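In the two complexes that follow, chain A is the common piece, with chain B as its partner first and chain C second.
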Partner chain A sequence: MKLKYTPKHTGFKQFRLKMKTWTNHPYFPILVLGFFLILIQMIGSTGLIRPSLLNFLSPVLIRYMVSLGFLLLLGYAGLASLGTAGFMGLGSYMIGYLFQTSGMPAELAFLVGIAVSLGLGVMVGFISLRVEGMYLAIVTLGLAEILKNFFTYSPLTGATDGMRLQFIKFLGITSSNTVVYNPINYIIMVLMVLVMIWMVNIINSPTGRAMLSIKNSTSAAQAMGISIMKYRLSAFLIATMLAVMGGMLGMLRTTTSFPGTWGIDLSLNVLAAVVIGGTKNIWGVLIGTFIVFGLKDLVLARIPFFQTFSNAHLMFSGALIILVVMFYPGGVIRALEDIKRLIIKLYTKILTSWKEYTYGKSVE
Partner chain B sequence: MANLLNRVSFLERKLNALKYQLELNESYPDVFSAKLKEKSQKKVEELKEKESHELLKLEIDALDNPAYLKYMTEEQLNQLEQSYDLKKRQTITSYYRKTGQNQTSEVLEDDLKKIHSTYEQQQKAMLDAYGQRQYTKETLSANRQKYASAEKAHLERIAIYEKHLEEFNQKKLDDLKSSLNQKKEVLKSKIQSIESKLKAYQASTQGKQHLKTELPEDVILRIDHLTMQFGGLKAVDDLSFDVKRGEIFGLIGPNGAGKTTVFNCITQFYKATEGNMYYRTRLSDVITLNHVKVHDVIKQGIVRTFQNVELIWELSILDNMLVGAHSKYRSKFFDHSFQTRRFKREESIIRAKAIKILSDLGLLPYQHFYPLGLPYGVLKKIELARTLMTNPSLIILDEPAAGLNDLETEQLAHTIKKIQKEYDTTIFLVEHDMGLVMSICDTICAISFGKKLAIGTPQVIQKDPVVQQAYLGGE
Partner chain C sequence: MFIDIINRLIPALADAAALSLVTLAIVLIFRTSFTTNFAQGMIATAAAYITTVFYNRFLFIRFPESNVIILMIISFLSGIIVGFLIGVFIDVILIRKSKFSNALTKQMITMGAVLFLLGLLPTLFYKADLNMPSIPRFFNETMMIPIGDRFMVIQQNHLYSIAVATLCISAVFIALKYTKWGLGVRSTASNERVAGMMGVNTKLITALSWGIAGALGSIGAMLHATSQTVSAGMMVEMQVNGFLASILGGFSTFIGPVVGAIIIPVLNTFTSFLSQRITVGGTSLSVYYKVFVYIIILIIILIKPIGLFGKKIAKKV
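Moving on to the complex of A and B:
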């Protein structure tokens, strides 16, 4: 018997449906992530979490920002660059040099760094993007080597000893070697959230679609009025800018920079993070970055084998790349989705077999 | 002279942009009002949902006694019966498993009887519990009146709410329209000033005037002594013909005759070795296509498809349509990064247009699909739909029927005719399927080894001895 008025949802269910319009927004998970990161930092800085454990977080977040630029370059524009580490090093040395010797305020030096990165990106892009193929990777590899040699032998950067600043002041926050809980981490987290939102916006706009169409079919893209040079260059510029920004944020945090840090292995690790995580998904890249950069400090550092061989973690990420490329070209995020589907399937199977056991197979 | 021409082309581009903005402004109110309607419907639904809780209580109160009993206990009795059934089956299977035989015995019968008796007791208790409400006739009628008045009030409230929402929407729409009208006036005055400037310039630019008089008014594309040379091979050799506005023009020829090369020359994928291509734009200016960049060809109103479908495999069908409208976007990278209101408006207008075109061609069910795995005929149709996103004046189709079966080809012919009629375009196609070409084309040009054999209506081409020789290899 049915009555005329039957409410569809009541109480909590109604509330949940109302919230769905909020939770379905693409910014929602990003903001939640940012909120929790800042919460962890706030709780940790009161002394509840060991500084060694807390300090591993923000370098990974900086590398995540750099990887997001690389995601746009590799996953959307279909290009690869091997100069990421060189650009990061350039950023870190530049802000240090400008602050130390010319006495420029760090805020202004930050903007100058971004401007320089854009100029450099335009130059490199115009030279290498005119030709089809992997020329960008070759040119950026050469540039990164030049930059690394410059860092190692030039007196401007402190040569092999590296650059050590007494202190650096950015937006009223003074960081130096002695500061344990550095408040600059908050700025890094806020910037990370902003960059994530920016990426989501670009991906879901004509710009992102144009980049994907160039990756899929250059002739179709040209016939639809998409200038190939423009969009390849803009993807490369964004990647370069984020790399330089990451380097500068690293310098602002640690106030030291050594030429050994900015080798080819860092560029390859960024590539690995994007490939392992999933080349078209920002959340996949987050997982990939934590696997490649976070696992080393958090888990592998406690295993004796990895303690004795300091570079053995590279082997680990190399093996992961091989596994992902062979079995899951979509990356870890795709694997997680598959695992979720598998669990649901298994659950229903177990449930039906249990029912069969208790109630008998046939219905009388 | 060159400086002057540059100035003129700059002004023309500006004029085009302004006119497009005007067009966008005109189509926005429809999209906006549809959005508002959807929103207000949702609000009304919410209100109904909210009030239905109270009304349900009153309705139950107004039921007479047997109906009340039935309503309250029906579901729970069903549940009770189900659980009784399950319990019975459980005891039977466990007993069988214990004994290892599928035979009944007295012990099992006793157990089942016990379960049955408890079930009956529960049933009786439930009926007693809900049977306690015994309303007299007077209270029942009072309750009914209460319910009827509440329902009436509810319906009235919803009607008032709907009316209020409608007024509110109308007000918002009027506001938008008035602001758009103001903008329209500004745009119109700008357009007028530019047009007057252009007229003054055009009086002094004789090169353009010369071209204009040379090309007849009804010709949209003129291929003039086109030659395309790859090393020593002449793929297209001194070819010239005219395509008239509004017709379906077919280019036929045996394999390797250079048909696709002609297309690639027109759309500037190849730069022609010799010869000119004159094209009349929507503003009925004549331009030569030779110096236009590949990605600017679509801005002149020429769109092409490809022999092998070239869709974007990593985007959904709707997003593919939006890629087709890429050259129409006026919002820049800044708007995309910050998702400004301007960009959102533009996106909503273009999305509405894409959905309209998809539903016109019967492709709406596929809008959220990815191209990978769809039938080939559907993919070809999607590519055709994508060309319509920019309101082109010339559509170039490269072998639209390749790989389709007879039924699909027939549908395609119908679709092409429909597009030519409804979207007011000229269609220029290369095709191997003679049935399709002869049935839909107004004019056909036959070429072989890059040279023109014959041009004319389908009947003329069918009877032409040179064409027959090229196709069938002599007498």
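Moving on to the complex of A and C:
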């Protein structure tokens, strides 16, 4: 028997091969992103980076986490919910109330918040998804409106004055809105990385594929033995949970909450972030979140027109939703892929024409 | 007791008048376009803005000595036309030209339209020092009718709202029954493709339905705005209630949602009346009366998912 020759890579080449298996892993870019975010925060807290940049970053990351839940709901289960802002508000008020008035430790309040979100999600999801997927948007819109009503008038939430905490202590970190470099940002970043990894796992698992099949054809999925109710409900539960978690993290960071923040425009902006970025890709949603929430703070806030008209930026994201849905349903991430393909095509074309110019055309 | 009920019922019915117009518009679009129009409230808000700005900032200032009633009718008509045009625009330009079209993408286009108008309206009609004044009223007096030793208090404006809404809704129902457009709507609602094969111009029917829905919603907003200031978020609650009324009555009929739209404000009044009298832990429950209404509606949907008047529709795969 003749042994087959296998090339033995040594030294640098072996290292490169090993690196390639690492870098091709779906977790790799997520961990790199998390590493850089934490690095920025660490460098920033020594005073090298202006606090305004760091304070801009963490709300966008929180909204990104919420958008990831919405991505699963919209892109994979094919459902739309308009209760996102209501759930976020619920989370923020709940952790504030439990910490301030009940004297519960914030960690326990966090867990209670997640439990409440799951209970509420099961109730609303079960009732509305029993009939048709379309009902979910209506019932959650109603719920959001009721919750906003509750925040605005109830004595429990501080009504129109909003809720203000002196400080909040979470996992040994004391946070308040007077701290310039808030160390709670580390927790937000770590949680964001975990949520991203979780999302990648769900998307690539049988659950994600079942959800996708339901989105493409309900009847076909049902015929294949996929329980529609189960997968739609679980997508909605995950979206609800992440929204409530986002609200709680926001409260942990700013320690203030006002009823005006949790209006329908926030829910629609989350939808805009997912639609603009591309409804099937977590990196697309990251870009979308930065376009919708980041651009407002970084770029639009400097333009005098948008300073006078504080609502005008909504026009921008509304028009983007309509344009993307009409002409480019893949979103920004699809556009980037198309541009990449175009560049490669252009490059090969230029290369062949250059070769033809120097060596002459090949005769066949 | 009887007078108390009447005194509370007539404002509730005035609310129901505006709500039923919005609900009918939502159902009209749902039946012809097979999508839930989230922009219904914002279209109506845009129309209300146009009306009030046109009247207060233009007509009232330019023609101070002409008849107020005529000026009001002109401004109302301009608002209704704007509502009609926005409705047609969303269907003809935005939905029909989009690359893929299903219920979800249509829903998202209407949500985008909500966001766009939510940003556009306060920007377009911006006055830092002035709150937008409310829409003018035709009738502004309060009638006091003595019955026994008590008074029945009726605002003329409420009666006017109820009359206008009844007129509009009956006009729409007569049109649905007897006109060519109504026949087209009914056939499109039952099956769009077959209706198209039978020679019904479904595109025209759909566009007209969007336009009429926009106009109906605008009338609803104008009735609603006689009792509050015009602002970008004024129709959000109306929109939510319109959807809930449609679910409550059942999307599959035209009359069901209108009945649902009458039930919800009456239920609102009833729960608010009851919750004022109940206190838990020192605070009155009157703050939460809308929560109770919402829970009651959810329970009804849980028991009867197709709505009170809904018919079960068999779907082919």
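Going forward, the second predicted complex is superposed on the first by the 329 of 364 C-alpha atoms of A that agree within 3 Å, B and C clash if a C-alpha of one lies under 4 Å from a C-alpha of the other, contacts with A are read in each partner's own complex, and residues count from 1 in each chain.
The definition used in the following text is that a contact is a pair of C-beta atoms (placed from the backbone, for glycine too) under 8 Å apart; a residue touches a chain by one contact, two chains touch by 3 or more.
Being a predicted model, the structure only gives us computed values, none of them experimental.
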item	value
Partner chain(s) touched by A:S234 [first = chain B, second = chain C, both, neither]	first
Chain B versus chain C as contact partner of A:P155, first or second or both or neither	second
Which superposed partner A:W198 touches (first chain B, second chain C, both, neither)	first
Chain B versus chain C as contact partner of A:G225, first or second or both or neither	first
Partner chain in contact with A:A301 - chain B first, chain C second, else both or neither	neither
Touched partner set for A:F316, first chain B, second chain C, both or neither	second
First, second, both or neither for A:A272, with chain B first and chain C second	second
Contacts of A:V122 with chain B and chain C, given as first, second, both or neither	neither
Touching partner for A:I173 - first (chain B), second (chain C), both, neither	neither
Per-residue contact with chain A, leading partner among chain C and chain B	C
On chain A, the residue positions that both chain B and chain C contact, one per complex	219
Touch list for chain A against partner chain C, complex	74, 78, 80, 82, 124, 127-128, 130-131, 134-135, 137-139, 141-143, 145-146, 149-150, 153-155, 219, 263-265, 268-269, 271-272, 275, 308-309, 311-322, 325-329
Contacting residues of chain B [partner chain A, same complex]	49, 52-53, 55-56, 59-60, 67, 70-71, 74, 86, 89-90, 92-94, 96, 267, 269, 293-299, 303-304, 306, 310-315, 319, 322-324, 326-327, 329, 331, 333, 336-339, 343, 386, 390
Contact footprint of chain B on chain A as seen in their complex	1, 3-10, 14, 198, 201-202, 205-210, 212-213, 215-217, 219-228, 234, 280, 358-360, 363-364
Residue ranges of chain C touching chain A (in the complex, touch as defined)	35-36, 38, 94, 97-100, 103-105, 107-109, 111-120, 122-123, 126, 232-233, 236-237, 239-240, 243-244, 246-247, 283, 287-288, 290-291, 294, 297-298, 301-302, 305-306, 317
